[in-house]
Amino acid sequence: MLIFMVRRFGTMALTMLVVSILVFLLLEINVESVATKVLGPYTSQEQRELWLERNGYTDPAIWRYLRWLGNFVVGDFGDSVRFKVPVSDVLWPRLANTAILGGIALFIASIIGLTLGVIAGMREGGARDRGVSVGAVLTTSVPEFASAVFLSGLLVFTWPVLPGTSGMADGFDLVQLVLPVMVLVIYDWGYVARMTRASMAEVMMTHYIRTAVLKGLPYGQVIRKHALRNALIAPFTVIMLQINWLLSGVIVVEVAFAYKGFGSLLYEASLNSDIYLIEACAMVAVFVAVMTQTLADIGYTYLNPRIRFS
Amino acid sequence: MSSQSHSFDGPVLECRDLCISYFTRAGEIPAVIDFNMTLEQGGSIGLVGESGCGKSTVAMAIMRYLGGNGAIVGGQVLYKGRDMATFSEEELRQLRGNEIAMVYQEPMASLNPSMTLGAQLMEVPLCHENITEEEAYKRSRQMLADVNLPDPDRIMSVYPHQISGGQQQRVVIAMALLSNPSLLLLDEPTTALDVTVEAGIIELIGQIARKFNTSMVYISHNLGLILETCDRVNVMYSGVVVESGTVTEVFDHMRHPYTKGLFGCIPLPGADKTARPLVPIRGQLPLPHQRPSGCYFGPRCDFFQGGLCDRDDLTMTQVPNEPGHDVRCRRWQEIDWDSYHPEGVGAGETQAGEVVLSINNMKKYYELTDNSIAAMITGKRVRYVKANESISFDARSCETVAIVGESGCGKSTFAKVLMGLETATDGKVVFNGKDISQEEVQNRTPEQVGSMQMIFQNPFDTLNPSHTVGAQLARVIRKFGVESNKDRIEQRVMELLDLVKLPREFARRRPRQLSGGQKQRVGIARAFAGNPTTVVADEPVSALDVSVQAAVTGLLMDIQKTYRTTLIFISHDLSLVRYLADRVVVMYLGHIVEQGTTDDVFAPPYHPYTEALLSAVPIADTSVEKTRIILEGNLPSVTNPPTGCVFNTRCPRKIGSVCETEVPPVVEPTPGHQIACHLSMEDLRQMKPVIVMAEDAAPPAAE
Amino acid sequence: MTDQAVSVPRRESPLLRFVKGLALIRESWVGMIGLGIIVFWSLVAIFADILAPFPPNQPGLPLAPPGSASLDGLGVYWLGTDQLGRDTLSRIIHGSRQVLLYAPLATFCAYFVGIPMGLAAGYRRGLTDDVLSFIANVILSFPVLVLYIIIIATIGASGSNIVIAVTFASAPGVMRIVRGLVLDLRNREYVFAAETRGESAWRIMLVEILPNARGPLIVDACLRLGYVVITIGTLGFLGLGLPPPDPDWGGMVSELRQFAIVDPMLAVFPCIAISSLVLGFNLLADGLREVSLRD
């Protein structure tokens, strides 16, 4: 188990290394465009060259990469062009905001998804199963920006019960979180539910469930002790991987509701060609994603005795 | 152990005119029709039949667990005199696992992978009786000891995948016995296990029956197992019982043509490919929705009479003077079995020719390396798996050499080296005068590849479902350069279909439109497409039903004789091997432990492993006396084989430490018969035959 | 592949079989609804010029509510207009062309790249698999939209760049699915049989293995199409999609929702359009899965 974890974290570090190379190649290999983006399009050629020289951009790419990477590892992401402050000053508070939004959404979506998935999978092809399946297909077919429009049309304009933006101008306000969370939950619960349903339905077909029933166990005990444990191993991984998808959705939702989170930060950065900010956001996003994947793998191994003891 | 029902002294279980149907999109499909059975306390009834005959459905109906689409549509199941239809859900739950318990076909699948075995066992008494956890633990532990599992405490605390298949099945049996049930249903409990492990389980079941006086319903496709476990038998065919009676009556004086046919299909010790060939049943099992009217066996029966046998309302009739022996046949009294001599298959003497394939000291080791990127960083770890160790034997033209052994003995690896999918680690494989041990298949010439071909095990897997039969055969013909002209290729495809006795229009069909036996025939045609001198057949009939097995085996032998092909026949089925092989090679954990002519190997002196294997094979013949040799312990892992003689951990004839330290010498009791064992020649010569026929039976094949 | 077909007379052409296979979807009402929606939008896209009441970029009465008459009184803005007075209905109709061009194209490209990678990884295993799987993992560890934003920020927003970005981001997912299917199929005896007669690795992958993986791949392709439609819409919504002025559903939503205070219904219509198309693909995928599981 320990070897496995060491390996898994090793793979994670390697992934991050390759991702950093990729990000560097995409955004920094062309020094001309770096200068243009940092100094703006209306600067003269001499100004840019001077800037490049002063900031070490005339060094070979490999040196620049290593220096860049070194700075990254110690948390120095450079200065944001747009906010004129160190990137880390804007990044961390925004990330905390996103963690709140994403965390609540993930929690609710998982609870709904798991519950409905288990109920649907218990009796495959039954009325409940069909109901849940149809509901899941319907809601996962609506993109986040579309449900944002639908929901604000209903709850902001037609029946004004909720605020239309979530800027949190006057401090943290839970009411402003309702719409963004709803949008994320609507898109995400269906996926969790479908995976849970499939897993549950598969477990219900297995021979060991038949064994449990024919042992004379009460139905509730068969479900609780025999089915759930096995059926929830796969959805656990799905939920952890869902964080990766959630990060995408979060960008849309934050933009749609002007929520001051990490996603809208990345969005603004990309609109303003704020490359150091983009780089930092990308690296942090990938780090979060890779970290959850690693935890998912370790958790899966822990939950599954067939892997744990072999 | 609910006491009130134990006082009942009538039959434990009675099925009266039971009819069970499945309801699918295509409509109602009757699975079991008009099923009758009476099981007395302490009795044991076998249900025997081929796949799809409804035997497992009966067991599930007794448990009243038919799934969402199955239902009892007629008749009754009486448990201790009470109609089970009147049981409430709760009563039914109390009955299951407590009064009626079940043992399943696949032990691994029947156990919950994420619960410890102890927890799964303790559930049974905890749920049916009002006892404490400690009491439940003690009972479960004791029961594990009763089913002869070593170290019950360890077993209680581990997960299913941590013990072997044989041990898993013992746990399932222990689980079934925990509440001391009155009725035990066993659904093919040994089918997924190796022969030597099977023998242990069968012995255990016998002990249980004696010790607990449990009534049993034993479901199997294997007549030999029924003989060893049951006192009565119901022979089923396509949803109906065609013959029922005591085991002796049915096995010695069978009346139904299907029962007779079934026995003709299995290679009993008396059968011999030249003197007493197998007699296949023609045709194939009807699909449940395509059953003929009247007798379902009619279209395959040699005694079929139009206007009589295809009339409906066919019922069981009792054999006079044999109460309880019933037959479902209109004509059984008219049939004169003495003058019935059906034509057998694969008959005729053959003469082996020159050596075609010579294997000399061939070794195949696998290097187990962890190739993942993580392992490359942490440093590689290499282990060796000795899949084949010093394999040497010759095969001549027109000769059948059987390679026998249980799972993990290295049969498949050996086949891969022969076919060039792997190269040998050491030694020589001389084929048609050239060493091919280092030639991968891509480096072999089309002639070389075409002259050594293979027949595979699984009929549902052997043909590509995406291409037509004709296209697949044509590809082989073109690939081996047999023909290149389009018309000639088509001509050759047709010839091949003729060869395996399939209609020519099958060329246009896709594999899913073919039955298992037909697919296997196409597989044979494919192997013979390149005019091979040698064909390697890897368990070619073991996945087929008994009645189809004989036909396919016969076909294979016919073709072999016609083309004077060398046949390397890989099998675990010793009865079949005895029937068709000229020479036998017995393997255990990658080593050849014994080889010689079939007569040599099947008669003493034996290698102790061969002796145990022979003893383990169930034989459906009441006149055969077997010595019981049950192997202890598990099959060791190939990655970590025992030192010295690989068989020493399980050998009942182990002499002492020499077996653990030294590789046994190869001795030759008679020229050509080699045994790798430390036993002295004297000890070997004193061995008694494992299988003895009673004097009135036919002479054994080994003479 | 062709030489398999010629030697034996065939009753059915592959095309006919494909159509017959497609006809199986009739047995699933879910799939039929999905297919209906897709056919509807395809027809809309093909006959956009005939169906649209106004040219998509023609300015008129700004922010007209649904159902109001145009300035010249000759037409009706059934679904209203945007801030430049362009007719929403006409823009939705013409916008379907963009979606139905780029979504299938991008999905096709993702499969074109992903299938060979998955075949190679699953069939050859070992180092090939390690390297390919690692690359896939790296790309898949980016939250999708982050990856799109970086790519589009680097290479700019245009139709072909969307195709490139989607291919880059989805091919690893296709590879994973194909790899999983191949790992299962490569142990079939017919593959073993092909190996023992010395067939080349690519022939085995393409002729023996790939055709048997088609069922799950078709279902996956439908789901992926739906997801690509969402992606294109989202990129449009974020202003990273197709450059104006050509109509783009996502872009229309982001423009019109700014005027929700005037009329919240304006932005709803393009949202319905995009959601219905995605629903069509998802329902078709469900229907196909249901039918394929039946036999």
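Odds and ends about this structure:
By written order: A, B and C. Residues from 1 in each chain.
We adopt the following convention: a contact is a pair of C-beta atoms (placed from the backbone, for glycine too) under 8 Å apart; a residue touches a chain by one contact, two chains touch by 3 or more.
As the structure is a computational prediction, the values presented were derived from the model and not from experiment.
Farthest from subunit C, judged by the mean position of CA atoms in each chain, is B.
The chain pair sharing the most C-beta contacts is A-C. Once the centre of each chain is set as its mean CA position, subunit A and subunit B turn out to be 52 Å apart.
Spacing of subunit B relative to subunit C, judged by their CA centroids, is 49 angstrom. As a whole-number value, the distance joining the C-alpha centres of subunit A and subunit C reads 23 Å. Shared interface positions of subunit B, i.e. residues touching 2 or more other chains, are given as 372-373. Multi-chain contact residues of subunit A (touching two or more other chains) are listed as 14. Multi-chain contact residues of subunit C, defined as those touching 2 or more other chains: 134.
Those residues of subunit B whose C-beta lies close enough to touch subunit A in the complex are 63, 65, 68, 93-98, 101-102, 104, 106, 109-115, 123-124, 127-128, 158-159, 161-162, 172, 175, 372-375, 377-378.
The touching residues of subunit A, when paired with subunit B in their complex, are 3, 6-8, 10-11, 14, 125, 206-208, 210-218, 221, 225-226, 229-230, 233, 303-306, 309-310. Those residues of subunit C lying in contact with subunit B across their complex are 3-11, 126-127, 130, 134, 188-190, 192-193, 195-200, 207-208, 211-212, 214, 294.
The part of subunit C that touches subunit A in the complex is made up of residues 134, 137-138, 140-146, 149-154, 226, 230, 233-234, 237-240, 250, 253-254, 257, 260-261, 264-265, 267-268, 271-272, 274-276, 278-279, 282-283, 286. Residues 14-15, 18-19, 22-23, 26-27, 133, 137-138, 140-146, 148-150, 152-153, 156-158, 164, 244-245, 247-249, 251-252, 255-256, 266-267, 270-271, 273, 278, 281-282, 285-286, 289-290, 293 of subunit A are the ones that touch subunit C when the two sit in their complex.
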